[in-house]
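Here come two complexes built around chain A, the first alongside chain B, the second alongside chain C.
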Partner chain A sequence: MSQLIATLLQAAFVIAIAPFMSGIVRMCKARLQGRKGASPFLPYLTIATLFKKEMVISEAASWVFRAVPFVVLATSVSVAFILPLLFVGGKLASLSDFLIVGGILMIGSIFLVLGGLDPGSAFGGMGSSREMTLAALVEPIIIMIFATISFVTGTFAIDGMVGQSLIWAHPYLLLSVVAFLFVALAENARYPVDNPATHLELTMVHEAMILEYSGPYLAMVEMASSIKLTVFALLLSNLIFPSTVLGAAGVGIVSIATAFAYGIVKVVIVAALLALLETTIVKMRFYRMQEYLSIAFITALSGMVVAIFAVYAKIGITYYAMFGALAVFFVIFLFGHARSQAMLRYYALSSLAIAGIALSLSFIKEDEKTHLWIFALVTIAVKSILVPRIIRSAQKKYKDVIDPRSFLRPASSYFIAVVILIATFFILENTPIVGLVEYSSLLYASIALVALGLATMIIHRNIFSEIIGLLVIENGIAVFTLVTVQSLPLLVELGVFIVTAVSVFILSILSARIRELHGSADTEQLRKLTE
Partner chain B sequence: MDVNGIIYGVFVYFLALALAAALSLSGKYLKKAAALFVGANVIGFITGAIYLARFSSEQIVLARWEWLFHFSPTLSFLPAIFFTLISGVAALVGVYGVRYLELYEKTYDQSSTQFLTILFVLGMQGVLFANNPFAFLFFWEVMSITSFFLVMADRTQESARAAFLYFIMTHLGASAILGGFLILGGGSLFFDFSQLQAASQAVSPALAVLSFLLFLFGFGSKAGLVPFHVWLPEAHPQAPSNVSALMSGLMLKIAVYGFLKVVFSFVGLPYWTGLVVIVLGLLSGIVGALYAVVERDMKKAFAYSSIENMGIIFTMLGVSLYVMQRSSSEEVVVAAAAITAFAIFHAISHAIFKTALFLSSGVVISRVHTKSLEFMGGLAKILPVFSFAFLLAILAAGPLPPFSTFYGEWGFIQNMIGLLHVTSLGTSVSIVLVTTLSFIGLIGGLAIFAMVKIFGISMLGLSRAEHMEKRAEKTDIFLVAPILTLSVAAIVLGIFAKSILASLLAQRASLIGQVSPVPFLSGLSSASVFFVLAFMLALVWMVKNYFAKEKLERSYQTWDCGQPIDSSMEYTATAFSAPVRFFFLRFLGRDKVLKSQPVVATNPWIRKYVFVFSIRSVWKDKLYEPIAKILNTLAQRLRAIQSGRIQYYLLLLLATLIITLIVVL
Partner chain C sequence: MSPFITIAIIAVAAITAAALKKPKDILGSAWVLALLGGVSVFAYTVPVIFNPAARWSDDLWLLDGFSALIATMVAFVYIAATIVGVRYIGHEFEEGVVNAKDLKTYFSLIHVFALSMLIAVMANNALLLWIALESTTLSSTFLVGLYRKKTSIEAAWKYIIICSTGITLGLIGILLLGYGSVVAGIKGSDIFLISALANNAHLISADIVRWAFVFIFIGFGAKVGLAPMHTWLPDAHSKAPSPISAMFSGVLLNVALYAVIRFKFITDSAMGHSDWTNGLLLFFGALSIIIPAFMMLVQNNYKRMLAYSSVEHMGLITFALALPPIGAIAALIHMVGHTLTKSALFFGAGEILLEWKTTKTEKVRGLLKYAPYTAILFLLGILAIIALPPSALFVSEYTMFVNAFALHPVVSLLVFAALSTIAFSMLRSTISMFASGKEENVPTEMKQKWNITHSVIALQLALLVIFGFWVSTDQGINLINSIAKDAIYISQK
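And then the complex of A and B:
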């Protein structure tokens, strides 16, 4: 009985607070942009007014147009009933299988798309086409994210996933949560995927589809999207802070009040963060969505791969493995970017992760503690700070408007990177060295770094990118020595760092000179022999 | 009713089919023959259902005809599933066919089309009852040849070309299957299927692999696996819509049945064979889904969607084979058996919704007289009931709850995640599973895209058709009723998915000697999914009517920015799929030409634009045409010995004779 009450209360709460969520996002955004903004309670009034208004139905529309608001709202409401938003273990908890929830949300998207197509206007068609593309391409990401979480927790129901402390016990699941954030932004038509504030711009997705709706139907569709936003906000925060979700069994007045209070706090905080995000980033061009979605997918996939490694290594928390994965993960992004500034940023992050490996190893190898600490500090100083600076300063003189593009598009290069990773994995698995080394997961990371560095040099055309590729290879070798050679004399290690820094210095000066002499940093332009 | 009842039922079924075929050939009693065909299939469906409900653990030998090439028709669990499915679907297609052929009496020769259709169904059913390779191949050929003639039923040049492509591919496939059986039987075609397992162990490993590859090609080409798929999008759409429905909905399932029956009896294949099946399956899935998204011919898009679904089914079977080859621990074997059960369930769902979709395409095309999506639209207003049934079928085609299709993929994904936990399988298996998982997700997403595109462009918005037949929906009631029945069947199957799957799982488990039924990985109840969704819909409807009681609405044109809009400004199928085409351009070929020239030479601003766009098949360009070229050059070389003089050929004959004698002696 208490389960039923909990479920009903949760749904009522989510439905009641949904307009407030939309309102508060708008208000925070207005404040951040220096405007005063409307009251966060305005959407309630809007919906109430819309319910009283007359509807204008397009002459071209068929019965599908009329069915759409009902189905869309019904899917949102079902999700509010099913998912563990305030209470875990509610009456419908067994339905919160992630494929079911994904499918229900998909039905909502499909009907919105049909509603956009039915009046026969080009706007609706455009919005529908884009929404459908996003919905289709988000599908594998959702499956990958929840497959990872379900693999770790051993349950297929989101209810069971929220019931366990996930992130704190398995830090690598943070990757899945980040990917889920990407998905949530795309599903709710927020920045950088869609601009929820525009009307009649070519940028829009969601608003274009519902352009022909008016009166009560519009209110229903708006309500549905508010509920969906609230559901995602609550679910995301529940995945990170599972202790804020109360059990549905034996709810009393106190626990209901606590749950509501938690719910309001979460909604307000997520709304503020969302507003902050939307004021600091720009909307991406729609045709760059493949990049966005590839990044989301790769993030989700990395979470899965690390989870599998963790299970095979049979270690609860292996921080060094996580850092190794992060080092490779950042290099994948480096691989996909064409601008050398962005590449340097990811190189610095990847080096930082390598320092993290050394630090986490220092807790395992007690006798080498000081050595590893020095290694980590020098890595940060040289590779994360000094080397990027050197290259940047060498480049600074020539403000190229456009960096030479790499031979591959970003999205395809991400997938090439994944193929390279899989290939290195299979090659390594059949070599005898894996068994000999203690930290085999790091060995994979080092070989992957070397392979990716080489591939970076192959696909990029900027001579500065070639230097970065070389540096990535060097990073791979550094990880390799960290794993295999038990204790290198400190002097030799420091010497390697100095050599790295000096060679980067020389190479970047040399590249800058080449750039000066030939007027281009594009290796395609530098093919001809000159005197 | 006892076992004899089942036997009588099956015999009555086949006799009635034969009688119906004979009647329709005579040409006089077409309607009666069609009714007999439907009736026979209803009997078949009931018989099959009773068998499944009551005697599913027994294998019934219907007769023993040693004199007829040792043919003794046998009914067991797996064939019975397909038998019931085919009878049920064929009955509905039969109802549809009556009105459909009436609409197209000028295009198709009614009596021969009906005769061939009935024989076609007879062939498919015969394959299921075959107990030895000879009978199997005999009925397989009946099925192939009748469908070959049906493809060119409208006797146009285009159909004939598609039919010959089909003829070549299907016979290459059939000869591969023949070869596979000959290897297994040591040159004999009359061994019983119960000896398959022993036979596969008796031959040497290399020969076993060879026969596996032959079977994979044979069944795979029939199922339209990439890269043996080129015939499918040509041949299936050319046939009359009711026959397309039978071909895509049912004939492909016979290929799945054959693969399950034969390849799963192999013992001790190397593990890369499972991997090959997975790769082909995923490739078919992704290629099928992508081409279904970009295709502008409605029936071709459905045909590509069939390729995609066959890809998913073969991926499931491949994963099952692969993990069984990697480990024989109990949990792996159980999961592998469970995956085959989900594959069978997906095959059943596919048969239902794909038949509904092809039948729907027939209704649409009968109204607008074109297969191109670019000239459709606006049909939902004229045909509300039909559009509802069609929409249900479209939703059933994507893996969406509460439709049955969803539960097949659902179980597959869950079992894969479960298999990831089995550390004894090794990391390379994990990578294969994770890759499969992500591709399955992508295929599902794209499949939904393709289906929504087809429905949205063909049924909604303003009509782009040059002339649309606006006759009342009532006249086509016999076209709409079967589609509605099939769509509802997809939902009903979805509601009872859990219990149906439970019995399927138990059966598959008993095959591998597992007594206790395979447990479900999730405590989800498929019925409650449907009822919760239905309840929510009703709730929303009631609440809306409570708050907005009076119906205030007015009809007005679509918002048009001040300039009247017409159907030429609508989004077309090409435009709708543009983002996906852009994102996956590498995997799709296209020809895009934009020419612009001034209308008058003196004024550069007023220009005339010509835009030509077509999707090319990368497979044809990169794989088939080079092979054709090589064959052509070889043939050119061989022409050197062709002089055309008869004495010369006789000389060659003599030379061959002498050489043979030398070799033999």
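And then the complex of A and C:
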């Protein structure tokens, strides 16, 4: 009985709060953009007004057009019933198999697409075609994400996945969560995939499909998309913080109140973060959508690969190991890139991953906590922020876009990087240090970073890549420090950071002078002194 | 007196140079302050050298006979190079080769550079040593690239990239060594103290130490200029202003070698024998003698010739270190002798460069006629560097080869052949500069006067001969022996 009540209450809550969610996103966005913004409760009025209005329906429209709002709303509402949003183990929990949920969502999208096509207007068709392109790309990612989680948790039901607090225990599931975040943005037609606030021919996707709807039908479609947004917001936060979802069995007044309170808090926080995201990034061009979704796919895929690897090879994947792997991966991307800005970005990300290693180690070694935190903070400050800034400001003097030409194409660069990684692995296997070091996975990462840094210096024949290569080696040594002697005296550590910053400063001045005198940044030009 | 006084004086010197406006004031203050800084070093290093009881170490500094000797050498060359530099850079400033801003950069950085070297040799903390060694690279990069010409900037670039990479790899070695002591159960700040490492070396796992030494040797070896990591050295030496080349060749390489030697003996006592490190040192030492021999045969640039000679001498010192039991003594004598001779030679090369405005040997003609003092002192220097008696280098080379022929006859023969080649090529290019030549290859000014640089060179050569005789006496050999013991058994009683 209590399960039924819980399920009903959850659905009622989600339906009731959905317009508020849309409203609060709009308000936060307005505030962030310096406007006052409308009240977050405005969407309730809008929907109420729309229900009172008369509908204008094209003569060309068939029954499909009329059926669409009902189907779309029904799919959203049914998802609100099934998924563990406020309570786990509700009456319909057994239905929350991720394939079923995916299917229900797909029905909604397909009908929306049909609704766009049916009246035969130009915009509707355009929106539908775009939506189908996106849907075709999003669908496999969703399956991949939930397949990974179900592989780890041993259940197909999303209810069961949320019920076990597994995300923090298995760091690779974070990859799936990140992919889910990407997909959630795409599914709900938010930035950077779609702009929900525009009716601009060039950019709209979701809005184009529902352009022909008016009056109560429009209200239903709007309501459906609000519900969907709320559902995704709650589901995402539940995956990350599973302890905030209460059990449906034996639900009482107190637990209902707590669940509602949690729900409101989550909705407000997610809405605020979404608004922040939408004010800081821009919408991507439609033709770059496949890049965005490819990143999501690769993230989801790597989550799955690591999960399978970890389970079958019976290796406990730890946070520091994951961050170590990330640090190396970013350097591999850096290795294959030719644009200096991209290289700097990947360098900054790699340094960020190293700060992540320090942070995750701080939870293992309690007595070193403050020291590791300081290390992480200084790493972020110096290597992720200060160093890229120094290099950029030195480059700004010379406006010409410097591309660090490498004598290898990206594909073969990646190949070399992989060869280096394998070589590092086998060389280290035969050294006696590996057995001694407590965190040997990090040792591999550090030596791999050093080797990749050296290779960057050799393969890219450019002064800029030599700087980056040196910095990557330095990063490798930072990891090495964390692995071996964890407790460098703080002053010495600061000294090392200062040395890094100063050498970057000197190198960028010097590289600016080289460009001034030689007119190019190619180290092939530096061949005058051979005798 | 502690090294902090020196740090304060030299910091004041660097700030003074940066703060003063008029070039004349900068030139005037630079050598006074350098003299003050250098003498402050002598004040606490010289007693340590001559009195074994005065040797001390704490958490920050390690002042035994070996580090005091190198620090004295650094301070000496620092004073000499600043005095010569005041004339050299002052002359170039008058001629408009360098502008006021470059002059200011030069005289602020030269102090920082010297200070980094002093800290590097006196540091007891291996990481402080590392930071100081890296800052020698960072502070001297703009000194190498002082002339804003394509080739100078290129030399500076090669210098900073190769040396920074090398020293960064050296850091891995130091960290590994520290890790080895953590594994061995050594606690607290002792894990990076050189004196503590030496005391506890027998506890540290030999495998870790072996790997650590490979990194340290390759990394710091790049800075020493050992072949095949020497490629930056001829470029940097030939393109830097001559006083800076003198500091590079005379002391910077020795400072880096100092670090290698410290870690070599720690490695030896950790492994229980010295065969492995000796093999490494022997190989790279011999390589660093043989490769420059070929390069010097075809060399037509006298500053590059001197630079290759530095590679060769670093090779000789490394080679000597690999020859137990008296190799360390020969190496120490050779270090002192090489420092005195090579810096004098670079000062002389600077004088030639000022008059002839070229570093090409074939374009320098009539040296004896137009610059007799420079010519004679330069020739004496060349004779000293190819180890003709009564140069102190003869004493050291004689000592090491007596030992080497007994231990490694084949390698010694190869090295000996290489040394003869080097002697031949150095004499050939020097003598060719003495010959008279076309009008265009001689300077316009007539007859040069005796100047301060000549006095400095003459003083150094005189010191070299006196040192050569003195180490042959009982008292001298005993002192060198006690310093060599300090190098081997770092502050162990």
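A few points about this structure:
The definition used in the following text is that the second predicted complex is superposed on the first by the 325 of 531 C-alpha atoms of A that agree within 3 Å, B and C clash if a C-alpha of one lies under 4 Å from a C-alpha of the other, contacts with A are read in each partner's own complex, and residues count from 1 in each chain.
Everything that follows uses one rule, which is that a residue touches a chain if its C-beta (ideal position, glycine included) is under 8 Å from a C-beta of that chain, and two chains touch if they have at least 3 such contacts.
The model shown is predicted, which means the values in this text are computed figures rather than measured ones.
Touch criterion met: A:411 reaches chain B, while chain C stays clear of it. Judged by the touch definition given at the top, the superposed model places A:269 against neither chain B nor chain C.
Judged by the touch definition given at the top, the superposed model places A:45 against neither chain B nor chain C. Using the contact criterion defined above for the overlaid structures, shared-chain residue A:510 touches chain C, although it does not reach chain B. Of the two partner chains, chain C is the only one that A:473 touches; chain B does not reach it. Of the two partner chains placed around the shared chain by superposition, chain C is the only one that A:450 touches, whereas chain B remains out of contact.
In the superposed model, A:132 makes contact with chain B only, not with chain C. More residues of chain A lie in touch with B than with the remaining chain of the pair chain B and chain C. Look at A:423: by the touch rule set out above, it reaches neither chain B nor chain C. Using the contact criterion defined above for the overlaid structures, shared-chain residue A:261 touches neither chain B nor chain C, since it reaches no partner. Counting contacts by the rule stated earlier, no residue of chain A appears in both its interface with chain B and its interface with chain C.
On the chain A side of its complex with chain C, the touching residues are 431-433, 436-437, 450, 454, 457, 463, 466, 470, 473-474, 477, 480-481, 484-485, 488-489, 492, 495-496, 499, 502-503, 506-507, 510-511, 513-514, 517-518, 526, 528-529, 531. Chain C meets chain A in the complex at residues 125, 127-128, 131, 134-135, 138, 141-142, 145, 148-151, 153-158, 160-161, 164-165, 168-169, 171-172, 175-176, 178-179, 182-183, 189, 191-192, 205, 207-208, 211, 234-235, 238-239, 299-301, 304.
Across the complex, chain A meets chain B through its residues 51-60, 62-64, 69-71, 73-75, 77-78, 81-82, 92, 94-95, 97, 99-100, 103-104, 106-107, 110, 113-114, 117-126, 128-130, 132-133, 135-144, 147, 150-151, 154, 156-157, 211-212, 215-216, 220, 286-287, 289-290, 297, 301, 304-305, 308, 311-312, 314, 411-412, 422, 425-426, 429.
Interface of chain B with chain A (complex): residues 377-378, 380-381, 384, 387-388, 391, 395, 398-401, 406, 409-410, 413-414, 416-417, 420-421, 423, 427-428, 430-431, 434-435, 437-442, 444-446, 448-449, 452-453, 455-457, 459-462, 521-525, 528-529, 532-533, 536-537, 539-541, 544, 547-548, 552-560, 565, 567, 569-571, 575-580, 582-583, 586.
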